[in-house]
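In the two complexes that follow, chain A is the common piece, with chain B as its partner first and chain C second.
Moving on to the complex of A and B:
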């Protein structure tokens, strides 16, 4: 009783605060426009250029629903009274909170206060909409009523349907079912399962081949970026995910690859205009060499120290490229334009060919990474990541393997750099900032350290979702950041963690064991 | 045959002003089980670390099968044939049991990274052999069926045995065990004692161990070395050590020897 009251007050307070925050930064307008798009009520604008009030009400109701869902926790079985008290308090607190803010803002607005000095989004056009084009007190009452009613109703409705229990049961059963299915397939119908896998692979391959043809150039561009970042992630994963060496200046290798390719193939400033494929190989070579030169002196460092040194390396390379010293070689801050495009038998690649090429290279990269992971080398890397001292005492030449990891990582980055430069037909120093290194590292961490499917997923999430969120315009990064925070709370070891056994929850394992014992 | 597995002379290791190991000689005969005992902080583990290459001794020489090893990096020493376990278990905890043993076989394999990408014939054969050997080793230490369990999910005793399996995987000639029975109950300790003896007899290796459990030490050792404050104070057969005055004093303090003498006299009188 007391706990549910507390919980209700806390949740009401938090949701109310979030709502006010979004209102103050002007997100409500974007939100309501999106709701309008979904519901199709946008046509109502027009005559007097007023946004329909109903959308704002829907937004409030959505917040009420979210609050209501949160009243009953995940695993707890609450009785009716507790739910009711929780919903009541949350709805009341949140509603009063929002209403007070609206009333305050509204009455100040009525008195002619201009908020734009501090809050540029609260324009005189926007404010009447937030007030439902009526008086502050009426608007405040409306906010309070809708929020309160929706919260209590949802909390009670959720209890009636007991969605929480139902979902938990369902997911448990699904886990069990999948387990049974997989064991059945893998033991009894081994050949047929192999056949299914082959058929599935062919289907995916065909889909991958035809998708770029129908996507259109915008999506091809985005998928190209995603693919380049997958390559970067795969490379960094060898250094960070497998061997555990925290390399922060990874963009440096990317830049070296891109610039080598650009210098060798662009007409300006040197006019070498080498064969594209040869230039790609040389790009891989130079970035690998850079990896060697960086790695030899510093790989004896561990952890934080290594991170700082590599961070410095990344910035040094970028600044060097921009500097007067190398302007004759790299064109300085202007960058190199007209970088060579890939061609085959005299035909220049279209964007579709290009995506196909990238897909192929991603597959090759995945293949290499997978083979390495399951080998003597991969085991040595993971042992170094787990405990370097013991790994060495187990007979692993840790220095050699760390260098190898860095070199292979740098090689991947060099390839990605060459592809990046040739696709953009441009290489400039601002493409290789610290953010690139951080993005690549995020891909590895968000996907799950050392996990290969995780890299692909991570690249799509980190490079694909921001594109999908373009709808949100200014709030893109805000929402994206929130998504990342939520994701790291829900799945702290990554979207697709490495390892076979760790992916399934221990509970379902226990259930399986119990069942097995019963049957035996 | 008479060549000792370990022959150390005048080993010194200091940390700042503290001489953790001071002028210690140690000879371990081939195919024997030798123990190092001593009170806490006597320098047992430091001596171990000197032999396995974790520390390089400031003075003295350590010869392994006639070759000097002091100052070599640990992976070279491992490759020469010295493997060890740790006082507080240090497995690769995120890896499965079989992967731990496979890592142990690292110095005895030769596939390069490029060969493992293209998977040539040698790589496949070696990998196949390594898996077979790993399974054998796991069965040998009694972990058959647990090969796919992550190491950190194994029970304590199993982790100890897995650590030994990982050490054995590098085909050592000398196995260093740092308190193999720490934290075990009497039955587990008895099993471990039998296991160590079986290890020596069936695998033809020399074993050097640190142990606090005197029953284990006196039971299986061919030779016991006693350290105190970094100095070697006694060496010999278990029976000799048991009656050594300096050892008793080191463990129980000065005056204890008189006490124990009195006790023994009383006991003999009682018996008579």
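Moving on to the complex of A and C:
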């Protein structure tokens, strides 16, 4: 009774806060537009150009429903009274919270206060819609009523139909299924029969060949970005996922590759215009060299120290590229334009050829990474990741293997950088911010550390999906940040965890938790 | 463990490291000698100006760095979102000062007087308190939402969560308040660009009021923190938890609440630093916390992470290096970050435990 009241108040408070936050960042406008598109209510807007109020009501009701679902939580042992009290308190608190905010903002707006100076998304065009084109008190009452009724009704309905039990069962089953899929179907089991391999390979090959032809240039661009990030993820995965060295300045190697390629192939500022393929090789070489120069002094540092040193290295490279000191070499903040494009037999690559090339390179990269992982070297890396001291005790030259991991990671980044510069025909310092390093790291972590299919999945999730949700463009980084936190809490081993051969238990979540307990 | 082994055996790598360190020290000494007695590109007044600027910004770095060090000392994690905590403090202080500047308080002498200028000290106190409170609240919430469920996870996981929180907060601020730069409304007596003129040689150097104010306040806060950690019961329990969580829990210390309080204290310091940043520098936007955050972490590592005097010293030192470094090495001023990070890398290579830090046991690194 008391706990359900408490829980209800907390949920109501949080939901109300989230709703107000979304309203102030202007999400209600985007959200209602999306709802309008779904319902088709935006087609016949009257002469007064008033947006249909129903969209906003639906949005409020959706919030109420979500709150109502949350009342009972996962387990369904609550009795009727508890559910009722919880729903009542959540609906009331959340509703009053939202209504008060609406009333406050509305009445200030009516008095002619312009919010745009401080909260730019609360424009005078937007506010009347949020007030249902009516008075603040009427609007506030409407918000309160709809939210309250929907919350209580959903909470009670869910209890009546015991949807919660169904959902719990379903989600359990789904979780199990995903786990089975991701841990049991490792590449080895899946490709046990040669016929399947051949058929699958042919199917994938055909699909990969024909899809870029029919996609159009927009998709090709997105897929190109995803492919470049897969390469980055594969490289960083060798350093972070396989050997456990947390490198936070990975963009530096990416930048070195891109700039080497740009300088060698662009007509300005040096006019070298070297052969493209040779320039790519040199780019890989220079970033590998940079990896060696950075790695030799710092790789005996551990954990967070290594992270912060590499982060500093990334910033150093970016600032140096931008600085006056190297302007003659790198063109400073303007960047290098007209970077060379690949050609074959005298024909310059179209975007379709480009995606084909990238896909080919991703496949080659996957093959290399896979072979490395299964090799003696890969096992040494994993041993170092799991416990460096023990690895050293078993006779592994840890320093050499760590350097090797960083070099290979840098080589991948160099290749990705060359491709990136060549595809964009441009290399500028702002393409290589810390955000790039963080994105690459997140691909590795979100996909699942050390897992190759996870990287492909991670690159699609982190670079592909946001590109597609253009409507939500302003909000994608916000969602991305929130997603990272939620993901780390709910599924820290990644979307597609790497199956661990070394351990007896197939459940990598459990392993990670055990390990964490040991460390704590 | 590596370093201990290496210290006993004189391996070729140790010799190379010592040689490289010697070369760097000799070069540095030569540069300083040259500048002090030879070149004379900069007069003493320039050096004085850079020194003051370095101390002021160093004070703010030190305040933020203490937050990193406190959290790292207890949880062994980089609180990547700490810079964003500072950013929120800057915004909170800004809105308070704007609001106070909008309250008319007419007097007989000046009918257009605002509250901000009628009661400047009270206004500043309100701004700092509100900024610190908001930052503390944010720090508390971040810990509760993003870190607490991950207490037992491997080291990388909370770091990623912290990065996520940082991205979220930065973008939330951009969406809420817009991407434009904003200007702090200071009370008249703290107008930026005014100050005492102190004679250095035959020229004069301006000691800005905001700079003196910021430096004095940061030193005051640091002393307060020092007393809190060394003399109070909370400080004692914080040190106990940092030493050994399990043993502390067995002694009846509520570890979770101590961790929460640690985040609150770091938030207070970061919020104060944020308001200070606004008062001293004037312009800011939602990126304001990013670079100071990274730099302050750098400072904390440089001083020896987990070590509070180390963080203070590291912050001051980093401010000075950043300010004096470009002139000292005859480089462009836009390379100040490069110098700061290079020094960090050098410190970590030659003294991985930081300048004041003792060698940490393996699981803490």
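Note that the second predicted complex is superposed on the first by the 455 of 520 C-alpha atoms of A that agree within 3 Å, B and C clash if a C-alpha of one lies under 4 Å from a C-alpha of the other, contacts with A are read in each partner's own complex, and residues count from 1 in each chain.
Rule of thumb we're sticking to: contacts are C-beta pairs under 8 Å (C-beta built on N, C-alpha and C of every residue); 3 or more make two chains touch, one makes a residue touch a chain.
All of these numbers come straight from a predicted model, not from anything done at the bench.
Once the two structures are overlaid, the count of chain A residues touched is higher for C than for its counterpart among chain B and chain C. Of the two partner chains placed by the overlay, chain B and chain C both lie in contact with A:389. Of the two partner chains placed by superposition, only chain B is touched by A:372; chain C is not.
Within the superposed three-chain model, A:445 lies in touch with chain C and out of touch with chain B [touch as defined at top]. Residue contacts after overlaying the shared chain place A:404 against chain B, while chain C stays out of touching range.
In the superposed model, A:485 lies in contact with chain C only, and not with chain B.
In the superposition on chain A, contact is made by A:380 with chain B only, not with chain C. By the touch criterion stated above, A:347 is placed in contact with neither chain B nor chain C. Residues 389 of chain A lie in contact with chain B in one complex and with chain C in the other.
Put simply, chain A touches chain C in their complex at residues 21, 24-26, 118-121, 240, 246, 297-298, 300-305, 307-309, 311-313, 315-316, 319-320, 322-325, 389, 438, 441-442, 445, 449, 474-475, 477-478, 480-485, 487-489, 492, 512-513, 515-517, 519-520. By the touch rule above, chain A contacts chain B in their complex via residues 368, 371-372, 374-380, 382-383, 386-387, 389-398, 404, 408, 499-502.
Across the interface of their complex, chain A is touched by residues 1-3, 17, 72, 76-78, 95, 98, 145-146, 149-161, 163-172, 175-178, 180, 245, 294, 297-298, 301, 305, 331-332, 334-335, 337-338, 341-342, 344-345, 348-349, 352, 362-363, 365 of chain C. Touching chain A in their complex are the following residues of chain B: 52-54, 73-75, 78-79, 83-84, 86, 90, 92-96, 99, 102-104, 106-107, 109, 111-113, 116-117, 119, 123, 126-127, 130, 148-150, 153, 166, 170.
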